[in-house]
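Some structures to go through are shown next.
Shared between the two complexes below is chain A, which pairs with chain B and chain C, respectively.
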Partner chain A sequence: MPSNTAPSAGHYVADLEETPVGAIDQVDSSQKARSTWSDAWDSMRGRPLFWISAVLIVIIVAVAAFPNLFSHTDPARGCLLPDSNGGPEAGHIFGFTRQGCDVYARVVYGAQASLTVGLLATVIATLVGLVIGALSGYYGGAFDAIASRIGDIFLAIPTVLGAIVLMSVLPVRDPWTVALVLSVFAWPQVARITRGAVLSARNADYVTASIALGVSRFRILVRHVVPNAIAPVIVVATTSLGTFIVAEATLSFLGIGLPPSVMSWGNDIGQARVSVATAPMVLFYPAAALSLTVLSFLMLGDVVRDALDPKARARR
Partner chain B sequence: MLWYIGRRLLQLIPVFFGATFLIYFMVFSLPGDPIAALFGDRPPAPGVIEAIREQYHLNEPFIVQYLYYIGGIFTGDLGTTYSGRPVTALLAQAFPVTFRLAMLALAFEAIAGILVGLVAGLRKGKLFDASALVVSLLLISVPTFVLGFVLQYFLAVELGLFRTTAGPGAPIQDLILPALVLASVTFAYIVRLTRASVADNASADFVRTATAKGLPRRRVVTVHILRNSLIPVVTFLGVDIGNLMVGAIVTEGIFNINGVGGAVFQAVIRGEGPTVVSFVAVMVIIYMLANLLVDMIYALLDPRIRYAK
Partner chain C sequence: MSQEYTLSSTATADTSANAPLLQIRDLEVGFKTQRGLVPAVRGVDLTLHAGQTLAIVGESGSGKSTTAQAIINLLPGAGQVTGGQILFEGKDLTKLSSAAMQDVRGREIGYVPQDPMSNLNPVWSIGFQVEEAIKANGIAQGRDARKRTIEVLKEAGLSDAEDRLKQFPHQFSGGMRQRVLIGIGLSSRPKLLIADEPTSALDVTVQRTILDHLETLTRDYGTSVLFITHDLGLAVERAEQLVVMYKGKVVEAGPSAEILANPLHPYTQRLVAAAPSLASRRIQSARRPETTDQLDISSVGSADDRLIARADARESGTHQDLIQVTNVSKVYNIRKGGFKTDQLKAVDDVSFAIPKGTTMALVGESGSGKSTVAKLVLQLESITSGSITFDNRDVAGLRGKELLNFRRRVQPVFQDPYGSLDPMYSVGKTIAEPLVAHGVGDRASRQARVRELLDQVALPASTVNRYPNELSGGQRQRIAIARALALKPDVIVLDEAVSALDVLVQGQILNLITDLQAELGLTYLFITHDLAVVRLVADSVCVMQKGRIVESASTDDVFDNPREAYTQKLLEAIPGAHFQFGR
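Now for the complex of A and B:
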């Protein structure tokens, strides 16, 4: 503590209220360094919505991965026509479809197709969009011009419309092809967002510093620019998972997505449509399962966006 | 501004050709022989198939077919369907119906969505806000076709408030229920967008200034908060016009409306290349023009954005 009075002066000198110059540069090194990710995790952890959606997603993924643990009935066999559109009974709590199949078992086994398509399409569209968007945002020039124009062309065709046309051409219809077709029309969205984020990150001071240190351009892109530009991409990916699941169901419902031999919620809703007046519950259960799944991913997307966007976090 | 519009229109040209080429390419590789399918079990006279293939240029290489098609566009000839109707006639019949449906849906979602979003944003954290958020999440996660069936069943079949399916010519009153269904998902998105945007702007400095200088609340809300909050909403509405046309495929199917959706879907199933490409081309044009329109509305909403040169 420095003395308040100058050594030779007899008069009082007031306390220094401003921060001493040296202290401005002092960083409290005892405190742990905080990354965006640990901040985000702290923010998500405190929200009930995160836990609700996380638990729902874990359950849905478990059902999709091991349907036989959740249903004793094999939905592919044991369909008896006398049971057609029958109401709930012991062992068959959701009743029977028009073909006399167990609705509960079909709902459980249908999760796999929906989730596979949703996850695959999200991964493919995100990876392709991320790579193309990052390269065109970072390097610019001819690659950027060509990639952006190609992206514009794909963006001008609405996803479901393009998917209907493309699906009608493909000889094979399985979760893989549906996912591929959906991502063909979805990647430019991700590319555009990545490109924007990379553009704003590539002129940051840490990039200049890396260049000054002699780090190679590609290494700067991978190690510094992409990690700092990836937050909006993750937000879009989480939300688009739900959209892809709806798109698959819509295609299957139109009869142009997964073939009827594949058990999926979209197919089941399409088939239940015929007898909606006599057996509305047959339509209700797969529709509810589909909506609940989409809802879980939407809620997770909301929480992730709030957590990764500091502006949103401050607002809340 | 005129320069800007001109430049944007020029930029649309390559995108338009790219998109039609892409669709044409996909349709061209459709499996099966649509001509053989026309005749059923009895084989036609040997020369007939060849003559028809010649007429539709089916024997030419793909790129030549595409050029024939593009050439036709500039002379106002979009080809004929395989049953002999000109595609233009089909377009003229189907588009007005879907256009009416889409505009009705757009009006619903814009008016109701912005109103609900505005109120929710101004009362952030209150009961109305919370319930608006929950309802919008539910609307987004229930697929359109499910909502269509449910509303059709309860409102039309059970309660008899609406006609179950649209009558011939699809009069406006038969399109109200389909338009509500079509608008549902976007309505939810608009509520969420408007709410976030209004809540953001409500605490902005210019709003505080406006309040402090004694402007009536009504003026602060309409001129200062709402006008500034509408920019992201307008963007979304513009993009959504394309989605409405596509959503119509499902909605028109449920309510049996003879519009673009049904026509495109039938054409895809039958493998009618020229018909599919023409419909998609028109949809792509509408989509692109809507986006251009949105960029111009920006300038009206936000004086900071002016396309001088």
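Now for the complex of A and C:
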């Protein structure tokens, strides 16, 4: 113990009352427990952009699921040629197409096909890419070499060009086949990102610790590596949903996506093209709906990326 | 704080001729967060006279680095000075415009950052980076700048400076990079040099040469030095003045030797008591039912009783080598461009044995192969030649169930408490993981075991639902220890398990593992670069150098009569090795 001799002139000691000494390394239980996901949620919750995009997406999904709630006009029937390219009137606020169909009703009913293709393509591409990317990143070796080269081949083909060729061979053209064709060219990107994230998570200390604890290799992949590598994949999935909707519209516009019998924004834009000079609004409305939808998903992707960015996460 | 004090070692009063070089008055720094302004420095006063060396010591989060960054206005984004003055030669640095501050920075106040690995830009050559600093500070231009660059590097202790100009940071060792950074910091002959943990990332022997060199240079140039450090030994050895910070406030200040020999503030007393030095003795288990986490390093009285008890236990026949490592080597093939490979002998003919219930420390500098030995013992890497036996069974080539059984009995605790816990796993899930992996018990019994383990490592049961990012380094290391204990192992391999922790927390963890050893009869392989810590926990020591064990003996023998020159050098290099701390 130190002696109680008085300090020399230059020796300053703070007032004990002002600087009380606390317990060493005590757990701060003042705040509630936070996981990575609840942290991400807290970060998203505070951003207006998240709420704007979320509300828009909820509305778009509701329109796609229950179009009859949003439009009393059945767009498939009641197209009267006298109304061709007619302007807005009571009950038909967006006016009429060249065929005399109600533009508002077509935009509302077109949401379903566009969104279905976007969601399906996202789910398929993400699942396939995630599994292949995770396996090749984690196990490496021959599987990695082969899977990565196959992925490179698909990445080298321009999506629209490849999709045109594939779509023209397929006997059926419906939202499922369009989504499948789009995911054929999209999974390698997801696989690449997953592979990279898995490669860095694989070498983390907690993985070594789990091996030494006796956890099996596959269990480590599923329980530790993939959950820690999933954040960038979610971000890519959210943003790519928008691009899939655009891709569907592109294909339908070119006449090789969804058949004309299926109402979709791409088809409507394609059909409106011929009368764009005389009735530009017929083109404008489906195009605006498409842009708004894509924008909503891109904004959400942006917010999700910020929330899941490990650098933005607090490390105390 | 209202009390004014002076750190002048001379008794002369502040005359204008003897005005302090740097005077900080009532400095307050806060960080803007979502929850408002969080204070980091709360009313700090300090005075530094020309030619003096002053050290600020404190644990992480004490505000010591923030104070240093505030002086040269390099606070990270959200930080801002919210009050007080920083007078440098009489002018208030907090009032300067950023352009005026730029002139002070580098030219009048030099800065040596903490991490030599990340503070040099990897895409530019060393020469370019030194020259850039010289030009930016207006010391020389054009051809003169190049000449001056070579001079600076020579002063920094790089003898072949001309050849090294064109080299890149990755071609330099950590020590050489720190020499370059010191060279940059001193290139314009500043009046003050701020060195923020300049040698924390380096080996002790390298640390010693770097600090010796820094001392020579600053003495020659008459530069004042402000050290930021967590190491009391370094402070007392290198600085005449000391400021102890705790939670953003100065708790004690004055001549360093006096403070550390006679600490008066309870916090300083704690720090001094926990500082491991060559004079320390092994911690004995101090576990009593009512006091579970008492710091008991300072009581040395009954050490002899404990040693006698241990000796008795050994003679009574319970002594048995649990782990035997015999002539083990590990060779790595390193790819060298094209199809050529080089062989690297990381571990070279290493042999040792650890008796049951004891602690063996494996000590060495970075690259000595000590961590590779840990991986070999843990069966995370296969051995190239030799044998490792555990409980009289050869562990090489264990497969399936046998390997699982081995893993159950030999558990690891790794160095980085931030990396060794899965950030997506709650504490409860992390500790239960080995139980799940080995199929021990059902859900309810596992939960009960987790609570029991948390209690053993002195963490509240409410920690179960928390995530690693909410816990401090020491708390995370406790979780890692609890996870290692879950399967009731016989051996725990502690790979630099306390190296990343503050000295007080380190003391706590060392106490904890000593208590657990007494309670559960554990055998430890304790791997560290820090000899001072070894004395606190180990029964025997092996010193490694370049993959080989150069000395192997009981802890007291190694410390009191080191035979090998290398061991002596390591012991000598411990900062403040011979300082008698007041305890």
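Note that the second predicted complex is superposed on the first by the 277 of 316 C-alpha atoms of A that agree within 3 Å, B and C clash if a C-alpha of one lies under 4 Å from a C-alpha of the other, contacts with A are read in each partner's own complex, and residues count from 1 in each chain.
As a convention for this text, a residue touches a chain if its C-beta (ideal position, glycine included) is under 8 Å from a C-beta of that chain, and two chains touch if they have at least 3 such contacts.
Computed from a prediction, not measured in an experiment: that's the story for all the values here.
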Inset, instruction - Check the residue A:A209 against both partner chains and state whether it touches chain B (first), chain C (second), both, or neither. - result: second
Inset, instruction - Could you say whether A:L295 touches chain B, chain C, both of them, or neither, answering first, second, both or neither? - result: first
Legend entry - Touching partner for A:A54 - first (chain B), second (chain C), both, neither: neither
Inset, instruction - Using the superposition on chain A described above, determine whether A:V123 touches chain B (first), chain C (second), both, or neither. - result: neither
Inset, instruction - Pick one for A:A287: touches chain B only (first), chain C only (second), both, or neither. - result: first
Inset, instruction - Using the touch definition from the top, say if A:V13 reaches chain B (first), chain C (second), both or neither. - result: second
Inset, instruction - State which residues of chain A lie in both footprints, the one left by chain B and the one left by chain C. - result: 315
Legend entry - Touching residues on chain C, where the partner in the complex is chain A: 1, 3, 5-9, 11, 34, 246-247, 249-255, 258-259, 262-267, 269-270, 293, 295, 378-380, 403-404, 407-408, 411-412, 414, 416, 418-426, 433-434, 437-438, 459-460, 462-463, 465-467, 469-472, 474-475, 480, 483, 487, 504-505, 508, 582-583
Inset, instruction - Quick one: which bits of chain A touch chain C in the complex? Just the residue numbers, please. - result: 1-3, 5, 7-14, 16, 18-19, 21-22, 24-25, 27-29, 31, 33-36, 39, 46, 204-206, 208-216, 219, 224, 227-228, 313-316
Inset, instruction - Would you tell me which residues of chain B are touching chain A in their complex? - result: 14-16, 18-19, 22-23, 26-27, 29-31, 137-138, 140-146, 149, 153, 157, 199-200, 242-243, 245-246, 249-250, 253, 264-265, 268-269, 271, 276, 280, 283-284, 287-288
Inset, instruction - Spell out the residues on chain A that touch chain B in their complex, using ranges where they run on. - result: 149-150, 152-154, 156-162, 164-166, 168-169, 171, 242, 246, 249-250, 253-254, 256, 269, 273, 276-277, 280, 283, 287, 290-292, 294-295, 298-299, 315
